[in-house]
Amino acid sequence: MFTKILIANRGEIAIRVIKACRELGIKSVAVYSTVDRNALHVQEADEAVWIGEAPAQESYLNIEAIIGAIKKTGANAVHPGYGFLAENHLFAERCEKEGIVFIGPDSRSMKLVSDKVASRQVTEKVGIPLIPGMKNKSTDVGECMAAAEQIGFPVLLKASAGGGGKGMRIIKSRDELASAVEAGMREAKSAFGDPSVYLEKYIEQPRHVEFQVLADKYGNAIHVFERECSIQRRHQKIVEESPSPALNEDLRRRMGETALKVVEVSGYSNAGTVEFLVDKKGHFYFLEVNARLQVEHPVTELVTGIDLVHAQFRIAAGEKLWIKQDDLKQRGHAIECRIYAEDPENGFLPSAGNILFMKEPTGPGIRHDCGIYSGYEVPVYYDPILSKLIAWAPTREHAIKRMAAALLDFPLLGIKTNIEFLREIMTHPEFANGNTFTDFIPRNLPDWTPARSEELLSQAALAAAIASDKPKRGAFAGKAELLSPWETLGDWHIGSGKG
Amino acid sequence: MFTKILIANRGEIAIRVIKACRELGIKSVAVYSTVDRNALHVQEADEAVWIGEAPAQESYLNIEAIIGAIKKTGANAVHPGYGFLAENHLFAERCEKEGIVFIGPDSRSMKLVSDKVASRQVTEKVGIPLIPGMKNKSTDVGECMAAAEQIGFPVLLKASAGGGGKGMRIIKSRDELASAVEAGMREAKSAFGDPSVYLEKYIEQPRHVEFQVLADKYGNAIHVFERECSIQRRHQKIVEESPSPALNEDLRRRMGETALKVVEVSGYSNAGTVEFLVDKKGHFYFLEVNARLQVEHPVTELVTGIDLVHAQFRIAAGEKLWIKQDDLKQRGHAIECRIYAEDPENGFLPSAGNILFMKEPTGPGIRHDCGIYSGYEVPVYYDPILSKLIAWAPTREHAIKRMAAALLDFPLLGIKTNIEFLREIMTHPEFANGNTFTDFIPRNLPDWTPARSEELLSQAALAAAIASDKPKRGAFAGKAELLSPWETLGDWHIGSGKG
Amino acid sequence: MDLVFDGKTYSVELEPQAVSGEIKAKVNEESFSQSVIRISDNTILFLSSDKIQKTYVASDNGKVIAHIDGKVVAFDKVIEGQKSFSREALEYGSKDQVSTPMPGKVVKILVKEGDHVTLKQPLVIVESMKMENELKSPSNGVIKSIHFAAGDLVGTGQPIIRIEPEE
Amino acid sequence: MDLVFDGKTYSVELEPQAVSGEIKAKVNEESFSQSVIRISDNTILFLSSDKIQKTYVASDNGKVIAHIDGKVVAFDKVIEGQKSFSREALEYGSKDQVSTPMPGKVVKILVKEGDHVTLKQPLVIVESMKMENELKSPSNGVIKSIHFAAGDLVGTGQPIIRIEPEE
């Protein structure tokens, strides 16, 4: 096994990997940009190296700086997390040349699967079902227009080089195409350094279902079942769950087999995700392979008992796959909610600033993969993901209630977040019914704004006034008593209540 | 299902039950003594009722006050937690008379199993293996002496009315007997209101292995596998795990069947625990039934995926058992460490006072059932348990490392705790080897004191000095920056380090 | 003390009753009494006859934020001697201008001076936190002035476009 | 500043070097320099060439507690103008008396005045937090006086038994 791993990432995923290192007695090295000097991942690592200024191009996307940090600290391996360089095959290739183990697929198969067009070509040959679409990626509006005409509107625009919804757009008609393609290319360039896009047939009201796979370097592979990730906003997943409410045993088996076939033909190794769209009739279409650990990997971990980060380490270190497909079983139900710094009341604009107070949800079945802390200043430069709240329970119904209860008692004050919006999803009857299609949010929660009764506002104003009525003798010393006049109150009973 | 449950307890177990209520949409009612006005369980409940002064006899053991609180709030059911009234059959009987559902066994079977002598008589008849011992409980030193002579020293003294190590003593010879019996009776009286004790043959270097059972009101029962709880100090469990490193499939099956036989003959329903001693040859002896939810129930929950508190609710509400024995499987490994307010450097004397700062451990596989918070004043009146840290992982080795890592990053400052001592257990080679006998602590960690190098003390002094060097402009405003001169530091690199 | 949320002022007067275990309070002239326990700087319990309401609070300079029943309310404090201001005027979203709530880069201006625009019409695209965001018109009106061009960096609350609202 | 742990005094002098990003410090005359980031009131990072050491701190009146690498060290602060004191003298466990670190009830006194006792011999049983605890003799010596009887409540640090230690 490795003795020292550098984590070429930040935030909650860097901390997730650092904790995995700590459990295995592996030293961890964090990297950070100037603005991340006080970030939590720096505090949790054994070592940390400054790699550049705040803009990601100068730090977290800066291959030279990261290779330099690996060499300087003597790390044997690098874990890329998700985003940034995770699916950059040039980085993987560079690591291979430098004799550094890249914890992920080899650069050749990464290059193949991360190129959506190339991977379509390979998979089409072996009969894997695909959505009709462009044969080649493009940076030309005219070419896109011609392809769209041939496929037939509505079409879906995607960035060729990356995932996460960046650059993605539904184009309903000819008129919208030019500006949509231009904007998509700009976003693709900014996010992945490559403006190429491609178009495919847009499937209405589909579900997004993906299979987690693990493949070793010797051609052995298993799938670790599915995650349903249909609840999205602007093509960005925000709620994920496993098992999918839409799969029966037969469909699950067939999709799992297809996922393993994709892995086989692309020569993929390490952890990866095979994404599918499932339409209302239960037809499924292969979308792409995410050649990395996914944001939503914890739901799989909780349902199957597999530690995916440890599995990544072991495979990268050359171990043969130690689990058999038949040994795997899904148990109970897990749901993940992504906590974003964004303002649902104002078009989900990203929010940044100082976290004045936070209390992490805890309790049976609750996991919180967290990248922030009380007093942390959320910078404006990176993805607005703050943390991930994951709830496991024996049944889906119970997991939903557990998640809703955890979201209710999760103060995160000082910046705007989507916590209340997520609770709205958890308590929505269509979610309870498993009617989770990718249009869930526009269909069920269009223009959502939080309800605030005058009674609540009065109570809030009272709380705010009490909070501002500080005792005069200086800082809070950690004492629950003697803080202000209210603490001299006597004991209270039910029934002594409201005036 | 119930609409409102009163929790006749405090601390982490009250919060555990309150959270279960919240998930199921059941209103929760807390009770509290005068000294517990600021306790966390009061904050988490939907309602709270004052039931008396700090001494438990006047509040948490005060049946009249608790029945009054149930009636006043209109709760349908009462959950007793563990300790206090949990195994008091008079309380269960009183609830039955008042038409309140007691979430636990009925008073008749509770009375039977909680009387160790009576339960021995019943189980002996059906051939359940027992440790040789007194036929009747006693409050007479002379009677105990005669019995001890007949059994043969060493003998073990136990309180007849309760568990948790209270009143328990090993008596090696005649000379020790009188004072040990007297002290045991005093402790038994103080803890359970009943001074009766009894004696049995003391088995050397045994393991303590218990089986969790669930039985409905219609004679259906399952066992939810075992917990090994051999790591004890003064007969008080401090580390528990599941599966037991000592059981093979055959022994597990036979012990599970025996546990179910005990349940059957005692007419027991709801969640309970059948305790056994296992000697070095793999013989097992039935000890007693704990007629309550155990402190260590989370390890079973994590390994089997059963929510034991929800199960208790459902069974108490009259549901038929919904799980079959064959559907149950142990997955991975879970370990629990009990966090106590006690001072391992000074004979484990209990510690109380103000918690100045606490950071809860988090991360994959970590659960923290917690009854305290930063700023909380730990009162002197009750059990010194503060919280329970539970780690689950795919293997025992991984679970141990996960637990050790979590204990390392668990500051709980202001009172003395056993956290460092627990970490010593987790990192001990005999624990890693599974050599967990009840004499683990006296054998492997006698007179343990924490090692503190001069280098560590210098570093600690430096940290203390920096902490005391407060900026002049008042309270910490939640900002990570601009706190003190150190924050004006530039960015730092590996290698720029030590002078 | 006066607190402003969403343009509305909440005037709160507190009168702790140390003996009875309650406080008397007035919020906008409405009087009520309430049992309160202050647990810590950030935690307050409100106690009524049938409910414990755990409330979290945090404050920063001119702001006090309360978290009740899963809902967050951020108030602006009105400092004495300073005239009252509304949240709208401080943040983006006033009727006569478009600004961004956080620093970002202007990607594209979608209108030009003199254009007639309608409520919610996209006016400018700003990139922040790696996502493009359309800022929409807060009213029907005419574009009065444009203060930034594509590629410019824009700070929190800086007006990007001013609008002459029409009735 | 002077800090006392286990009877030993640690004198710390701090000299922050704002420009270089380090502080110079002296602990008991030994000088070193160290990179430090103060994350919050309770969190400090020490940075050296091969290790980040996250350290937690908390203080209360005369005490400062540090948590480094899973180990807790509680220092007494020596306030200027006040003479230095040792931890032993403040808590139970000084050589000439037995007291309890927390309130409890005396269950049984195991010795009487004039008894010769040996180091670690049990002298008194006190019940706190529902457990009986034996308090042991801190030295070889003779029982000088006994200040409580069975059934009495005893407060933190109150001497229960005084001992005349022998060489």
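Letters A, B, C and D mark the chains in the order given here, with residues in each chain numbered from 1 onward.
As a working rule, contacts are C-beta pairs under 8 Å (C-beta built on N, C-alpha and C of every residue); 3 or more make two chains touch, one makes a residue touch a chain.
Just so we're clear, the structure is a prediction, and the values are computed from it rather than from any experiment.
Enquirer: Name whichever of A-D and B-D has more C-beta pairs touching across its two chains.
Expert: B-D
Enquirer: From the C-alpha centres, identify the chain that is farthest from chain A.
Expert: D
Enquirer: Distance between chain B and chain D based on Cα centroids, please, to the nearest Å.
Expert: 29
Enquirer: List the centre-to-centre spacing of chain A and chain D in whole Å, with centres computed as mean CA coordinates.
Expert: Chain centres of chain A and chain D, defined by C-alpha means, are spaced 47 Å apart.
Enquirer: For chain A versus chain B, what separation do you get between their C-alpha means, in angstrom?
Expert: Between these chains, centre-to-centre, one finds 37 Å.
Enquirer: Which residues of chain D are in contact with two or more other chains?
Expert: Where chain D meets two or more other chains at a single residue, that happens at 37, 39-40, 47, 50, 54, 58, 60.
Enquirer: Would you give the residues of chain B that are in contact with at least 2 other chains, written as numbers and ranges?
Expert: 37-38, 47-48, 354, 356-357, 374-375, 414, 476, 478, 480, 491-492, 494-495, in rising order.
Enquirer: Which residues of chain C touch chain B in their complex?
Expert: The touching residues are 37, 39-40, 43, 45, 47, 50-52, 54, 58, 60.
Enquirer: Help me check something: in the complex, which residues belonging to chain A touch chain C?
Expert: 56, 166, 183, 186-187, 190-191, 234, 341, 343, 346-347, 349-354, 356-357, 359, 380-384, 407-411, 413-414, 419-420, 423, 450, 452, 456-469, 476, 480, 483-492, 494-499
Enquirer: How about chain B: which of its residues touch chain C in the complex?
Expert: 37-38, 42-48, 373-375, 477-478
Enquirer: Can you tell me which positions in chain A touch chain B when the two form their complex?
Expert: 16, 19-20, 22-25, 34, 37-38, 47-50, 69, 72-73, 298, 301, 305-307, 309-310, 329, 331-332, 354-357, 360, 362-370, 374-377, 393-394, 398, 401-402, 405, 414, 470, 474-476, 478-481, 491-495
Enquirer: If we count contacts the way the header does, which residues on chain D are in touch with chain B in the complex?
Expert: Against chain B, the touching part of chain D is residues 1, 3, 5, 8, 10, 12, 14, 16, 18-25, 27-28, 30, 32-42, 44, 46-50, 53-60, 64-73, 75, 77, 92-93, 100-104, 107, 125, 127-134, 136.
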